[in-house]
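What follows is a pair of complexes built around chain A, which joins chain B in one and chain C in the other.
What follows is the complex of A and B.
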């Protein structure tokens, strides 16, 4: 590979990171919020897929992609509410329930999404940061969705909120010590319900990005497990929203590896390189979870930690 | 004077058919320390829970600061200025002390202005007789500091009557002195009235003005501490004249090491250091006590010895044979373990008492050869023998062991572990939370095992227990053995090594 080609690959990965990372970012922030309140929601994969389908369908039916975005957040929140409500019953495992919600979400999306695979829906606008360049390649690479910036802002706001607001600290109390929360008279289930619903709504917005920005279409292979990778990403990010942003970018870059190499003519092992995010997930999980040591920074009430 | 008095009048509380409190009356004078004494299950906690609004008494009333009070939920008690410091800490572990204090207030603003809050906290701290670092997460504080932070939180909330539930159960002697001394000075300054729940007579004598004794839900006596002797109080508490006998250690320890641990190291948890032990050696017919403040590596040591945790380096040898805490090794070398919280670490809670009693041997014949079919008859006979010999109170041998009380689970696991010949016996906090009679029983069994020739490693957070039972005492701090003392060594000296001022 020449140095020019190498530069192209790096640039393509950078641009790809901005693009591919956005769904990771939203789902991981949503999952981070939910887990901070002491519950795991594997159902966010379902919220992602259902959100993608709802966003596409509503955008197509109304002609307004922003309405589609709202719809995605709405269906995400509904799935989150369902998950939280069922988990607040005694002896319900949030892991098992999350898997059920995941299957319910994807199944519903496939059922209602069949008629929308063919037609093309209006897409969300992007910000053309590449206006200065004459190269069409660079211009398209630097078309960044406002959703990416929204995700970064949400991440920073969450990090700030967990330290500086009553609501943020309340969520941390509920997630770290249910005993303390009970002693303080906090309504644990209600707070977890809210955190799970909002977290799931964020996952739904991640789905809207998939169908309305990049790749920008609706089909049943759209997510390919990104919602589940995001759960691992939260562990890797040590439940810190700021680290979630960094981790999402890293995974985005890994996801862009295959297409980037293809852009300079290396198509051998395309599918292997496309597996990069999954391999990265495995490697990071192995590195961050060692036997004989418990997870640092994990909220104390999580069922995997207790 | 800010301190307030409180009075309980003819309080009765039932849980189903069980009467937890039977017509109990109590008067706490403002500006005093009032000790509430009694064995486990005597009703002390139930009484204060009624006062705090966690339980609702069926009959009777509370008079707070001269007025009848209607306390139906914890917030009501808070408004009246009554607060409680629990035995189990209620500060949120991952949050800093400052975050905990601010969030405890009932009127936290939506957005917290930390510069304003900090100034407020600084003013408040300036008026306190002790200091706590505000910006460290609570889980990195030592137990004594945590206890002080709990008290600090109540003072920050401007409570005028504090209930302390066994405040010194997890503290070293020095820390206990410090915390109780602090409480005493706050009471003398007229800031607060204190009700202290305890079963330590020494503390009652040293720090309380008045005492009330509960037994099986009834108020059996009390009065000014100065007018009552320790014997009077014990008699009131247990209801019998005799204190449980202490079994003596008989015979000198053997000369060749039975259990030898060398250069043992593990990874740490939550940023705390892991184990780093140079040597622990226990001889036959010897009890070696490991003293230490909770959270200094005792649990990790027990987990390594019990096979629940990997060591990154180091050797464990039983009578010169290498030991990796595998089940077959434990069987061959006769190593037995009574872990802390046996319901969690030492048995299968949903299985019957009988099944749990046979966990060590259900798949072997007496000669150690493997068995494929369970010998139900022998398992049943074994369970019956154990229940009778150890006085395990259970409806039958077939109920799940989780249905038994803490003391009886402890007895059952002890019976299983001491069944047959025992060469090495590893015990952790065997008497935590048990009543006086169960404590005496279990300690007698441990000493009997030692007298029978076993090498006993006793890991305990109760320094009195260590001093009472051990032939030799090791002090553990930050995962390392930092000090060795002979039997009967001075508690203050051991305590100073436990906290690291030695």
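What follows is the complex of A and C.
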């Protein structure tokens, strides 16, 4: 590989990280919040898809993409509330319920989304950080969506909040030990309800990014499982919101590897490069998981840990 | 999620009766009474601005025909699921003619069903039906859309400034390779220094990967983009946002790229489905192997976009006029693949009808890319 080609690939990976990572970021942060309160929500894939559809539909109907964004957060929160409410009943498995919510969310989105596959909806604006450059590539790569920064800010705020605020500590107590929380007089179900609703609202915003920013179109294959991957990223990020940011960026960059290698003429074995994000996750998992510390950081009340 | 038109009990009995009457009459549609039920199976959604929409438009064209009933199912994966869909269309809706439209349905799924149900006619889009190997109640139809991609290439060849074109492709199967190669040959007929960069995404519908591929191609200097994926909407919209030119595929995407849309290669399946429906109504024997191009009105070109230069229009129109006469050979020797190996000898020329083209397994000189 010549150095110019190497530069192009690195550049494409950076640009890819900025473009592709945002949905992973929002869903993994939302899931992180929910799991910190002691509950798993696999339904975030459904919130992502339904959010994408709602954002696109509302943006198209009202002509205002920001209204679409609000709608996405709203439908996400509704799905989250439904999940949390059903899981607060006794003997309801949050894993099984999450899968049901996921199917309900995607199914609803496909049902109502039919008439919106063809029309073009107004898109959310981006911030042109590349204004200083005369190169069209750099200008396009640095057209970053404000949602990306919102995601990073939410991540940092969550990491800080879990340590330093009353609310953050409350969520962690509820997630780590329901018995202690009960002894302290905390209302466990209410706190989990809030954490799940907000978590799903974040996933819905991730969906709005897919349909209103990048790739910026609604169709039924739009997510192709990104919500589920993001849920797995939370484990990979050890329930740390800051690591979630890193994991999402890494995944975005790895996803850009396949197309960009082909674009500089390295096209042998593209199936392998297209699988790069998954290979990368596996390798990092193997490297980082050691006996004894594998689930360090996992909230104690999670059904997979208990 | 997917829409199915369920049959009433009367229609079911009618269908079952007519199917029973047909047992043993392979290759014939022996009845003219009662409605003929025709089943269409799509791999994606019917309104994807692409492959499935083109077929659904063809299906819609025969819905109004007297004595024809159309049943459809969308989003059927290229797995055993499609056999189940076919079974249910035959058993519940009484379908006697089935069009499984996606490439992966053919072998083994449609062939299995055709062997089991000799009284039903199966026609597949794009498969290479072979008289010596495959059942007589099966068959295939396809359009020489490579001709359209050649014309796309001619127009792109005139409009490119960077002399680099981009092609976003799903999988390296013969139909896709014919399109990539035709597009390249069309562009290089204008200027032999033009190269075409191809990116394979690995599947028919991967919106995020298609957007990434389009951005990568434009970042690498391509200024005209075309594609062969199921729904070109994402590719066309991304290209328009980046200010590059697009050549469309499958259906007309002009509306998605009012500035940058040059022209496009479109299907015209109504021609094919009307022919089959007519034969079904009259009870005539259906052809097993149906092919056609611009000359037969199986494919058509999108109207030129506003950016296209007069020189490009003139050149493309004159080639199109030749193609409409029939027998125009896009692939003629001497032709090398992109590894320098001769793939067509100097004295050979393959017109669009040449069956050799349908097992194409190379990328021609000028394409930057690899098959695996």
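Definition applied: the second predicted complex is superposed on the first by the 280 of 306 C-alpha atoms of A that agree within 3 Å, B and C clash if a C-alpha of one lies under 4 Å from a C-alpha of the other, contacts with A are read in each partner's own complex, and residues count from 1 in each chain.
The rule is short, and it goes like this: a contact is a pair of C-beta atoms (placed from the backbone, for glycine too) under 8 Å apart; a residue touches a chain by one contact, two chains touch by 3 or more.
Please read all numbers here as calculations on a predicted model, not as lab measurements.
If you put the two complexes together on chain A, you find that chain B and chain C both fit without a clash.
Of the two partners, chain B and chain C, it is C that touches more residues of chain A.
By the document's definition of touching, of the two partners only chain C reaches A:219; chain B does not. With both structures placed on the common chain, the touch criterion links A:185 to chain B but leaves chain C unconnected. By the touch criterion defined above, A:299 lies against chain B but remains apart from chain C after alignment on the C-alpha atoms of chain A. Of the two partner chains placed around the shared chain by superposition, chain C is the only one that A:11 touches, whereas chain B remains out of contact.
When both complexes are overlaid on chain A, the residue A:125 reaches neither chain B nor chain C.
Look at A:173: by the touch rule set out above, it reaches chain B but stays clear of chain C.
Superposition on the common chain places the nearest Cα atoms of chain B and chain C 37 Å from each other.
With the contact threshold set out at the top, not one residue of chain A is in contact with chain B in one structure and with chain C in the other. Listed in rising order, the residues of chain A touching chain B in the complex are 163-167, 169-170, 172-173, 176-177, 179-180, 183-185, 290-294, 296-297, 299-300. Taken in their complex, chain B has these residues touching chain A: 73-75, 86, 88, 90-95, 99, 102-104, 108-112, 114, 266-271, 309-310, 312. By the touch criterion given at the top, residues 1, 44-45, 47-49, 75, 197-202, 205-213, 215-220, 231, 233-234, 237-238, 241-243, 255-256, 368-370, 372 of chain C touch chain A in their complex. Taken together, the chain A residues at the contact with chain C in this complex read 8, 11-12, 15-16, 19-20, 107, 110-111, 114, 117-118, 120, 136-137, 140-141, 210, 214-217, 219-222, 224, 226, 255-256, 258-260, 262-265, 267-271, 274.
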